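Below, chain A partners chain B and then partners chain C, in two separate complexes.
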Partner chain A sequence: MNAFGQVLRAEFTKFRTVRGWVVAAVAAAGATILLGLLPGMQGSCGRNGPGSECAPTLGPGGEVVVDSFAFAHRPLTGDGSITVRVTSLTSRLLDPGPDGPPPDDGSPHEASAREAATPGASPRGSRPAVVPWSKAGLILKAGTAQSSSYAAVLVTGGHGVRMQYDYTHDRAGTPGTVSTDSPRWLRLTRTGDTVAGAESPDGTTWTTVGSVRLAGLPPTVEAGLFTTSPQHAERVGGSLGAGTTGGPTEATGTFDHLLVRDEARSAGAPGQVARPAWEGENVGMPGPAPQVPGGDLERAGGVFTVTGSGDIAPAVAGAAGIGVSLARTLAGTFVMLLVVTVVSTGFITAEYRCGLIRTTLTASPRRGRLLAAKAVVVGAVAFVTGLVAAAVAVVLGQRVLRGNGVYVHPATTPTELRVIVGTAALLAVAAVLALGLGTLLRRGVTAVATAVAVIVLPYLLAMTVLPDGAARWLLRVSPAAAFALQQTATQYPQVANLYTPANGYFPLAPWAGFGVLAGWAALALGTAAVLLRRRSA
Partner chain B sequence: MRSALHAEWTKLRTSPGTLGLALAVIVSTVGSSAAVAAATGCAPGGCGQDLTRLSLTGVQVGQAVVAVLAVLVIGDEYSTGMVRVTLTALPRRTTVLAAKAVVVAGVVAVTAVPAVLGSLTVGWFILPGHEVVPRAAVGSVLYLVLIGLLGLGTATAARNPAAASGIVLGLLYVFPIIAQVVTDPGWRRHLQQAGPMSAGLAVQATGDVDAVPIGPWQGLGVLTLWALAALLTGGLLLARHDA
Partner chain C sequence: MITVHGLRKRFRGTVALDGMTFAVRPGQVTGFVGPNGAGKSTTMRVILGLDRADAGDALIDGHPYRGLRDPLRHVGSLLDAAALQPGRTARNHLLWLAHSQGLTARRVDEVLDQAGLRAVARRRAGGFSLGMRQRLGIAAALLGDPPALLLDEPFNGMDPEGIVWMRRLLRALAAEGRAVLVSSHLMSELQETADHVVVVGRGKVIADAPVAHLLATAPGARRATLEDVYLALTRDEVEFRAVDPARAR
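On to the complex of A and B.
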């Protein structure tokens, strides 16, 4: 056996024969698993008989989407175009009462929202509000089934004119809000597989917002007017008792000057074929139907309104979205991090405390090698226990959550692997950082407190008390940045949500966050190696 | 008791780390309060946050140093074997622990006053225009004193300073994170009411007191129970066990 192997073996023996450390490591892994399985969350998926299962709605790109809106539509065969003028878009917040609409999924935020809303004693009903991503406009959709392919040109409550298609794509048009003084003309034109969206301030000069190719669009599509308005969410408190509040919103769009040009029909005998009937429908919306005009809207030629609630967008986890992300099952990582930090610091400070370090350095005079062996031992122990705990928590935790009727956003297998291995790596590198700090400071209690303050505290502060800006800054520079490895949710600019760390959205990319922690660990271990060589033990 | 107090005060005063740790309490508290206040960056008086509480965020960092200071008061004696000399000189062990508790409480109180006042002043300069509630200031000082006693009790029970500081910091920081994770509102509330840090810091709330899981003074009461339990356990083990 070579020299390094011998030192390694000696260090591992030291670790495994201290009963407190082994017990602490096993107990921490157990606690992590337990917190992942803790059935502290209840949902309504599958609880209200058949039909209430929260089956994921997958869009054309394979991502989970929400697709619910009020739709006044008629079939459109072949090429054609539809034009309308939007004169207003207003939104209201709907106060969910105890007998109000049931939560989609029993997500925690809804529960806390209700709790936070109760003492406020707000009047039942609704109040006007600006919902930035409320939408009204034209849509051309493969069918009225949810999650089918579409292209839409629309006005929003606060983001101007947009062209959106197939849920995840969003292009900006002219900014500004719509009103009777400054109405917006919108037009969608289909030519084969291509759909072009255009806008105009007056109905004569048109600007193209976007032109997209929707592969596999059927010959006959449903074209018409739609209105929808997403969940709103805001943060209340901002301190230890912090929570989020939110609820459904509803938007009303006012339209006139509706005109449909149907190439297939005009090519035939005009006037011979009856114009297709308009139908009103609420796509993917439960509950009482908002007003959607039916009948012959083109002949009516007048002004009509469409009122709807929901969203046509990728689904997000968190306050304004539905369900939770995978990271929820790994909430117990924090406990392991704390234990790993304390044990790894103690792995070297205990030697200083009882003078064993002099024996160790006599037996293995090459100090750099000794430190490396210690780092390998604590890192490997943390990695293995972390890997087991994370794997069990993720795999079983998802089952428990789903069994409780909570909607968990599906993640691909590579993402799941990244989360599990990443959590183990995070613990391993944190252990090395703690070891470095222990070697630098030598005195057990000071080292433990410093390591906890450097490694554990930033995460805690960012998750619980800090306002969003400060929390994001802390999660960029502190070792807690590595928790970005647990992020599975995607952030979409066109979906309003609380993209806060507490909801599982981190400011850095997963491996970039890990890099920050690795940098801290390398710095601590490097300095420790230099000082260990220079100082007398 | 008087001579015990005098002895403990002399030990603490002449121990090399004490002054540095006391300064560290002040610097870390005021510094992190200032950093948080600066990073908040909201319109003066109008960001919908409890600004008094925000400017006292540093207490959550400073308490770690307070805990370390308290742990060292007895932990170091166990490390060096000094505890045997102490107990030979003063065989009544409860008196020793009581004297240590008084000295720790006094030193922490003297350190906490400038730390809390400094935080509030800095917070007031960065985010001017909010009302400073005296209860939050007095409560924060008392909170730190109780954290000190909790640390002393735990260290007496655990006898190993590193393990003791790990336990105290774990007690403080694990409850809020678990409460963050537990999503059942009832359970979350109970955890926040039971945790030494989340309950004790309720005393800092000034705005919407109803939104806080526990009343300000009741919360401090919960922390007092934790500190008493730690001191009693420590005292019992000290009286029964071989040092």
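On to the complex of A and C.
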């Protein structure tokens, strides 16, 4: 065996012959697994019999999407266009009333053009609010089935005019909100596979917001008006234990000047065939559908309102989204991180306390080599225990969450592997950092306190009490940045949500975050090696 | 053979070593004596590469300690018997040391037997008496079957049986041709055990001679002990001296 191998073997023998360290490592892995498996979270998916499964469907791009909105539509065959004027978009927060059946259930004064987000719960307690990503506008969709391909041009509650298509794509138009004083004209034009969205302040001067090719759009699509309004969520902060609050919202869009140009029909037999019938439908949500007076909105020629709730967007995990991301199963990682930090620091400070360091250095006088061997040992121990714990927690934890009716966003196998191996690597490098700090500081209490403050505390603070900005800053610069390795969720600017670390959204890319931790570890271990060589033992 | 040549070292203005020079020859037990603060421990630490001297060198068969491959096969040492991790058993303590030198568990069992620790090999070192710790320290020093040994106060805390055992062991090690350096304050023990003494004071060597020679040339003639010789030699070197209780009366 070569010289380094001997030192390595000696240091590993040292580690495994102190029962407290071995027990701590195994217990920490067990605690992390338990925290991932304990039914701390309940959901309703699949809990209320068949049909209650929360199974967001896959959009055209293969990602999980939500697709629910109020839709007044008619078929449109071949090329054509649809134009409308939006004069208002208002939103309300719906108070999810826990108190029995609403008093107005089925009462006669239900507004005629209104349909509720939740059946039998309307009108219930609600208050006006600005929901920035509430949407009203025109949509052209492959069919009324959820998660089908679409293109839409729309006004929003706070982000101006947008053109959105196929769930993940978003283009900005003119900013500003709509009102009767400043209405917005919208138009969608289909030409073959291409759909163009345009807007106008007056119905005369048109600006193209975007033009997209939707491959595989069927010859006949459903075109019409839609309104939807996403879940609302906000942080409520106490001095300790900030939480989130939120609930469903609903929006009402007011439209007029509806005009559909149907090239196929006007070219074929003008005036011969009756216009296709309009239908009101709630896509992907329960409740009374938008009413279409006389089955023909175009002939009605007047003012329509469409009220809807939901979103047409990629599904996100978190407070305003649906379900949780994979990272939830690894919520107990911090226990291992804490134990790994304490044990790895103690792996060197115990030697200083007992005076054993002198025996160690007479046996292995090459100090840099010794420190490297110690780093390999604590790193390997942390990696292996972390790998086992993370693998079990991720695999079984998902099963438990789903069993509890919680929707867990699916992740690809490479992503799951990255999360599992990444968690192990995070613990391994944190162990090396802790060893470096222990070597620098030597005194057990000081070193452990410092190491915990540097390695574990930033993560706990960022996950719990800190406001978002501070939390994100900490997760950029502190060793806790490496928790980005557990990120599986994508952040979409056009989807309202609390993209907080606690919901599994980290400010850095996975391996960039790991790089921050690795940098800290390299710095600490490098400085420790220099000092160890210089100091007398 | 261990050679120490012209070692100098200062600790924040205090001179610890002031040109320390001597050699530890194979085949004999060399006593290393001197008052507290004379530089014995510092010298041993410099020999073992734990401290760096400002000047001079300490060599093991011509090589600095830090350059030795598997140093415990060249020099066995016992500096501080209390330096043990309490939770680790005696055998496991020796096992990691053995692994660091490429030695096997069989060698561990051999030295455990040699030190009379077989019965307590699997007990935690934290519960050991000082005497047992000394034996464990000796076992560690013997692990690499080294040609040279460096033992700091090995008689400390030993019961009478242990002292006899230690004395015999040191004689036997020297008889096997090893170079044995033993620092101690117990002059009577050294008189029985050592062939040669190096007396140091204030960081340098005061006397470096065979025990027999020192005793023969002592002024008190026939009945002189090593203790008398030592006290005479170090009269001016000690840092602290209490009033002689016999005279104070």
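Everything that follows uses one rule, which is that the second predicted complex is superposed on the first by the 500 of 537 C-alpha atoms of A that agree within 3 Å, B and C clash if a C-alpha of one lies under 4 Å from a C-alpha of the other, contacts with A are read in each partner's own complex, and residues count from 1 in each chain.
Criterion: a contact is a pair of C-beta atoms (placed from the backbone, for glycine too) under 8 Å apart; a residue touches a chain by one contact, two chains touch by 3 or more.
Keep in mind the model is a prediction, meaning the values are calculated, not measured.
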| item | value |
| --- | --- |
| Contacts of A:18 with chain B and chain C, given as first, second, both or neither | second |
| Which superposed partner A:453 touches (first chain B, second chain C, both, neither) | first |
| Touching partner for A:350 - first (chain B), second (chain C), both, neither | both |
| Touching partner for A:7 - first (chain B), second (chain C), both, neither | second |
| Partner chain(s) touched by A:331 [first = chain B, second = chain C, both, neither] | first |
| Touched partner set for A:445, first chain B, second chain C, both or neither | first |
| Partner chain in contact with A:177 - chain B first, chain C second, else both or neither | neither |
| Which partner reaches more residues of chain A (counting touched residues only), chain B or chain C | B |
| Set intersection of chain A contacts, chain C complex versus chain B complex | 20, 350 |
| Contacting residues of chain A [partner chain C, same complex] | 1, 3, 6-7, 9-11, 13-14, 17-20, 350-351, 354-356, 358-359, 361-366, 536-537 |
| Residues on chain B engaged by chain A in the complex (per definition of touch) | 17, 35-36, 39-42, 47-50, 53-54, 57, 60-61, 64-65, 67-68, 71-72, 75-76, 79, 160-166, 169-170, 173-174, 176-178, 180-185, 187, 192, 198, 201-202, 205, 208, 210-213 |
| Chain A-facing residues of chain C, complex | 45, 48-52, 65-66, 68-72, 77, 79-80, 82-89, 92-93, 95-97, 99-102, 140 |
| Chain A - residues contacting chain B, complex | 20, 35, 38, 40-42, 108, 111-112, 115-116, 119, 236-241, 328, 331-332, 334-335, 338-339, 342, 345-346, 349-350, 353, 444-449, 452-453, 456-457, 460-461, 463-467, 469-470, 473, 502 |
